[in-house]
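What follows is a set of structures for review.
Two complexes, one shared chain (chain A), two partners (chain B, chain C).
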Partner chain A sequence: MSIISLININYTYPLEEKQTIHSLSLDLEKGCVYGLTGANESGKTTICNIIRGFIPELYKGELTGEVMIKGKNINDYNIGDLATIIGYSFQNPFTQLSGVKDTVYEEIAYGMENIGVPRSKMIQKVDEIVKMFQLEDLIDKNPFELSGGQKQRVAIASVVALDPEIIILDEPTSQLDPKSTEDIFEIIQLLKKQGKTILLVEHKVDLLAAYCDEILLISRGELVMQGPVKEILSNPKVVEYGGQLPQVALYFIKKAKANGSSVSQVPLTVQEVYDHLNKDGEV
Partner chain B sequence: MSYLSLKNVSYSYANGYEAVQNMNLDFDLGESAAIIGQNGAGKTTAVKLMNRLLIPTKGEVLVNNLSTKEATTAEISKMIGYVFQNPDDQIFQDTIYKEIAYGLKNQKLGSDVMKNKVEAAAEICGLKESLNEHPYNLPYSKRKFITIAAVLATDPNVIILDEPTAGQDRESTERLGKLISHLANQNKTVITITHDMEFVVREFKRVIVLADKQKRRDASPREIFWDEELLRLSDLKQPFICQLADTLGYKGILTIEELLERDKNETYYN
Partner chain C sequence: MDSRIGNLYPSSKFTFIILIILLSMLVPGFIFQYMIFLFIFLISLFSGTAIKFLSTFMKSIPILILFIFIFQVFLIVNEDSQQIWAFIHFSQIGLMTSLTMTSKIVAISSSIIWFFQVTRVKDIIYALEQSGVSQKVTFVIASTIQLIPQMLNLSRTIADAQKSRGIETEGTLFVRMKAFIPMIGPLVLSSIQQIEERVLALESRAFSSKAKKTSIYELRKQKIDYIIVIFCILVLIVYIVWRIKL
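Now for the complex of A and B:
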């Protein structure tokens, strides 16, 4: 049984003439990392909102089809249970912060406080999260006196702190420096090892190539490509659909073209090239 | 004499936290630069000091020889336009047209001139079809372009873009690149904060690295991205093509084209 299933979803926002999501069907398996990518306004956030139930709970409009979470129709969950199962870090980190807490430490504890986690367990969990996200220098700061990237890391940390089975991260690294970006991908790897299912909306395909199991490519509200990373992110069709290919793949595709040779499978990451060279004893 | 200078500038926030320490920077008209560096390095704070959103606690910021300590915000913002990191900090009107027109209000323009300016700015930001919409009907990525258009409409000499590439897809990132070269051709100075290293290589000849409240280096992309010690200390990474070139044993490469040129006659991978 898939942990998330979307069955023939169609959706139109209120007062809009154009339909945003078209005949979307999708099965996501437990313990896998899915990279959801595609152009701006292709429908990625809308899909996240549908899976989390914010559509139709908060956004009305016209929704047809079925959303199944852990084999049960989403409409049969009560709102609180759904919130515990699915953690959701919003696209705009500036809107994620609670606005009621004076320190980063309390901000991270806030969600747990709301669902009544016992104090000792809460403290233990916050400490674990602070370490995981390397927030040691920030814990006493006011969340509203952080830099953009710092706010984003705190926002993601607060979601992971609740220990949800399914984690939706909508462009979690948009404001992050290159090192913190890779750190977040490493955390995603760690969460995967803990058996979490992760839906990651991201433009940074070079990193999706290194860390995801599958790619979901959305174009104008349609799921146009889906499959293992190797298969999708080496296919030039991705670009036609408004997505992009990893730099390493682009280089090898161009190189093959220049040599007049055809490529069946190009490497996608620097690591792959490195491993290949070492294996052949060429380095 | 540079058009914009930071002279030994330090800044501490109200809570006492020092975010910028003894910084010196100079920009001539027509000279663009990227600012890169770790989260919390002080990038946003540094550029807010340039357009008088913040005033130095120590040292001085000079714009066209005028110290921001002595000038008014209105005087400075005619010369220096700042596009916020978070567009929602900057958007207050209920249509995109009004938002873009807002900064022009005090210029006593005829309605035709006003309309032309708004439309021109909207055009280059890809918003011409959306002028009557509510800004919040557009997603984050587009709201960023609204705030860019609003600043462009006022035609300042220096345009500061705080993380315009955040959350942008390939097409919008290309649009940003074109917009920056277009402005540079008009002898504007475009100062862009970004975490997109590939974008820096494509669009800038000058790169300023900030780390831990200070300027670490001010140099060309090639010098910056092959200074591995500097990158490590500043939480930066080489662009992926530099990493690949390094693995293949080539130093100093910055782009796919350079790498293709370099290994024309060799096959490292098949």
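Now for the complex of A and C:
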């Protein structure tokens, strides 16, 4: 059974005539990392909001179709309690702080306070999360005084602290430097090892290639491609749909085409390029 | 705030403030009220906030006192008013009224200033939640206090952006007022947009969960807190009984 199922979803925002999402159906399996990519305004964040239940609970508009979470219709869940099943971190780090806590330590605990976790358990969990996200130096700081990247890390940490089975990360690295970006992807890998299902909205396809199991490509509100990373990110059609291919793959795709060989086995990550060249005796 | 007084439970300090306010209103004359100011200053010395206390007090209260004093003594005409020049009079009754009135303002305002300087916002919020105040109410209080500096930062950013586009934002009062008007639009709009995003962020932290809330922050009432509350109630009762008997 899929952990998330979208069945024939159509959605139009209030006061808009054009549908943002049309005829979208997809199934996401437990424990996998899904990379959701596509051009700007293609509907990625809208899909995340539908899965999380913010549409139609907080954003009105016209929604048809069914959203099933763990085999149960999303309408049967309380939107507040869904936070313990689906964690959602947003693109803008400046507005995803609670605004009521004056230390990072308390900010991380805020979600657990809302679901009534006993204090001793909360302390234990926050300590664990602080270590996991390497936030030791920030715990006594006011969350509003952090840099954009630090705020983003704290926001993701606060969501992960609720221990949800599904985690949606909407462009989590948009404000981060390369080192912090790598750190976040390391955490994603760690979460995957813990059996979490992760839906990652990201434009950095090189990283999606390295860390995801499957890619979902959205174009103008439609799911145009879905499949294993290797299959999707080596397919030149991705570019036609407004997506991107990993930089390292482009050269090998061109080479494969020139040789008339299949593009499905081209290397997509730096490691794969290294292995590929090593195999050919070029390094 | 980390002093012994600062670490008292907020409701103990609040009971003390209520006592001060009631006594300031009930005790006739003005000497007692001015003595309260000195007493509060003394407590702020022990709380380690004396300089901050004086600075805040001097920035706000003297202007108000001066205004009342001028009005009562020189402008309002009483039975004993003696003309000095044109509409300016001197009145002994006005002087006494202004002293009585301002002494109450001084006593009450100084105690409130002291309370907020020695009590953390999160302590107040915690105490309110423990006393059964709705989480939605405490959220509004806490977020307003936290978000005011953020709004100021946002307005500064907008002002800088406008300055970089050639709008004059500094100079005479008229220039500043002119620069303020185009700033209101972006400030209000971006604040509204931020509210929408913040609602989603709160929901992703289970804000509307039906579960009974807990708190990682803990503040416990000590023996001294109970003593202070009982002492304040006793003082008030004794004073009222004494006044009735008089």
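By definition in this document, the second predicted complex is superposed on the first by the 262 of 283 C-alpha atoms of A that agree within 3 Å, B and C clash if a C-alpha of one lies under 4 Å from a C-alpha of the other, contacts with A are read in each partner's own complex, and residues count from 1 in each chain.
To be clear about the criterion, a contact is a pair of C-beta atoms (placed from the backbone, for glycine too) under 8 Å apart; a residue touches a chain by one contact, two chains touch by 3 or more.
Remember, it's a predicted structure, so these values are computed and weren't measured experimentally.
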item	value
Chain B versus chain C as contact partner of A:114, first or second or both or neither	second
Touching partner for A:162 - first (chain B), second (chain C), both, neither	second
First (chain B), second (chain C), both or neither touched by A:211	neither
First (chain B), second (chain C), both or neither touched by A:92	both
Partner chain(s) touched by A:122 [first = chain B, second = chain C, both, neither]	second
Which of chain B and chain C A:175 touches, first, second, both or neither	first
Common interface residues of chain A - those touching chain B in one complex and chain C in the other	92, 94-95
Touching residues on chain B, where the partner in the complex is chain A	13, 15, 17, 37-41, 43-44, 85-86, 88, 139-142, 163, 166-172, 195, 197-198, 235-237, 239-241, 243-244, 247-249, 256, 259-260, 263-264, 267-270
Complex contact set, residues of chain A against chain C	49, 52, 54, 58, 78-81, 83-84, 87-90, 92, 94-102, 105-106, 109-119, 122-123, 126, 144, 155, 158-159, 162
Residues of chain A defined as touching chain B within the complex	38-41, 45, 91-92, 94-95, 142, 145-150, 153, 171, 174-182, 203, 206, 239, 242-244, 246-248, 250-252, 254-255, 258-259, 261, 267, 270, 273-274, 276-277, 282-283
Residue numbers on chain C that touch chain A, as the complex places them	121-122, 125, 139, 142-143, 146-147, 149-150, 194, 197-218
